[in-house]
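Take a look at the structure set out below.
In order of appearance the chains are A, B and C, and numbering begins at 1 in each one.
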């Protein structure tokens, strides 16, 4: 009889285990294509509806930035909530709890949601720029705001998805619970995107980037600390 | 009992003084209407305090797993919801008088409406979970997560972005008359007392309910 | 190398809301088999989930000791393997991919050959690369044994171990239990009369 004698995993080991969870989720996702189909189709439909109604009208920059983030936000709502609900519904959560530490599970699910949002943006942002004839002056700022904003959205959406997977009335509850937590990301994301559209000076959006990074950081740390109270019941 | 009596006298005095002793505030669009800040500001402050107390009891619950801590957290959130609603209404009335529009999406207005949404979401979550243990831990986690969102919306974003609200006029500059502060601070104290009194009633009620369920 | 192991339940109780499932459960066992029996709804599965650390008891504690050292709760998943009807593996993955994933996430190294042979021992030879979704319920049950045993845990928790198993599967489960109870602990939740014979100790729930 051999007793396992692995000590507390370090950060590298935790990351490796998170990536194991991520790989598992990616394989499952590519075999069923549930989330990616839902999220991309939702985004494309919304984009076409929006651009159909306002496309040629030459709308102002604040409204362009707002529309882009609203499309990303609602698409995120349609796809990111699945992360934990799927494990509960297919009753695989028990096996995962028996084998994986809460940190690895949260890390893996978060990485999966970040990747999902990035995949969505790779499709939707060029389409948006084309269909809305968006003129971006500061591309670097534009991309950085999108990337940090998406990570922020993913962090808050992942922890709320974990809460919602344990409650009844999951669908409606996810939107209700996540909106207040996502709002700081949305407001600063819209503000920063607007700055990137209207100015080629990178520093014009530096305050927004700072806010995004710090909020995302705080939410990540708090989420990691409280996750085990949701996961282990 | 004594606390309740003193509180009643104190609050009555605050109301009398707010309307009769404090001078009309020059510098506002309608000086007399500015008296509403004696009620608006304390409401907003108590709303923030109630929220923090709810988060503190949430942390204590996750540590102790005691349902009493959960009940206290929920009681504080409940009161926070009431005070937030009052702050929103009084603020909106004053905005209408001062800036001639009921709602401006000024950062503080955004923050208070989000606070309202957080509380509503919190209670939506509580009704969506049946098992008391699970309800307690999930809503505790949500109360804790909502705190950084509130701090960002209330204190950090208004500093970075433009606000219609007077920045720190009540704390630093001499824009407000000293007599104003002499009324405002006791008013804040009175509202905090009101919160404490209501919180103790809710807590006692929750304790009885928990005991009854156990038996 | 032999490891001294003991499992102790100290005054465990569990209630969901106002409903008490059980209370005052005390038991202590060293290497061997502890059988938990009781009518349906008496809390056998709940007790196993508490021992596994999946849910917290309302009062009391589970003390697991290895070599006289108490195992901290966050390391309990390393020393426990569990088979239970309310545990499922990933339908979208093959049996081998499932095991590979669980090995990675546990941070243990297992070659594909090792994993294949563990599946072969459970009579799943030739089907390792098929998705679990295409398996019969008995085959799924067998994969769960491979999942529970892969990290060679000193404590095994089996909830109704012969669920869905055929004669051959029951024999495989039987050899796992008889083999393991010599040095490790097996906790068995069952109402099957033929499985009561494993019990070095028997804990009857809801008896009084």
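One rule holds for everything that comes next: a contact is a pair of C-beta atoms (placed from the backbone, for glycine too) under 8 Å apart; a residue touches a chain by one contact, two chains touch by 3 or more.
Owing to the predicted nature of the structure, the values given are computational and were not obtained by experimental measurement.
Nearest to the common centre of all protein CA atoms is the CA centroid of chain A. Of the two interfaces, A-B and B-C, the higher number of touching C-beta pairs belongs to A-B.
Distance between chain centres (mean CA atoms), chain A to chain C: 36 Å. Rounded to whole angstrom, the centroid-to-centroid distance between chain A and chain B, based on C-alpha atoms, equals 31 Å.
Measuring from the averaged C-alpha position of chain B to that of chain C gives a distance of 50 Å. Contacts with at least two other chains are made by residues 56 of chain C. Looking at chain B, one finds that residues 130, 133 touch two or more other chains. Multi-chain contact residues of chain A, defined as those touching 2 or more other chains: 233.
On the side of chain B, the complex with chain C involves touching residues 65, 130-133, 213-214. Taken together, the chain B residues at the contact with chain A in this complex read 62, 110, 114, 117-118, 120-121, 124-125, 128-130, 133-134, 137-138, 140-142, 144-146, 148-149, 152-153, 156-157, 160-161.
Looking at the complex, you find that chain A touches chain B at residues 156, 159-160, 163, 166-169, 173, 176-177, 179-181, 183-184, 187-188, 191, 207, 211, 215, 218-219, 222-223, 226, 229-230, 233.
Chain C contributes residues 16-18, 56 to its touches with chain B in the complex. The part of chain A that touches chain C in the complex is made up of residues 1-4, 6, 9, 13, 16-17, 20-21, 23-24, 27-28, 31-32, 90-92, 94-101, 104, 232-233.
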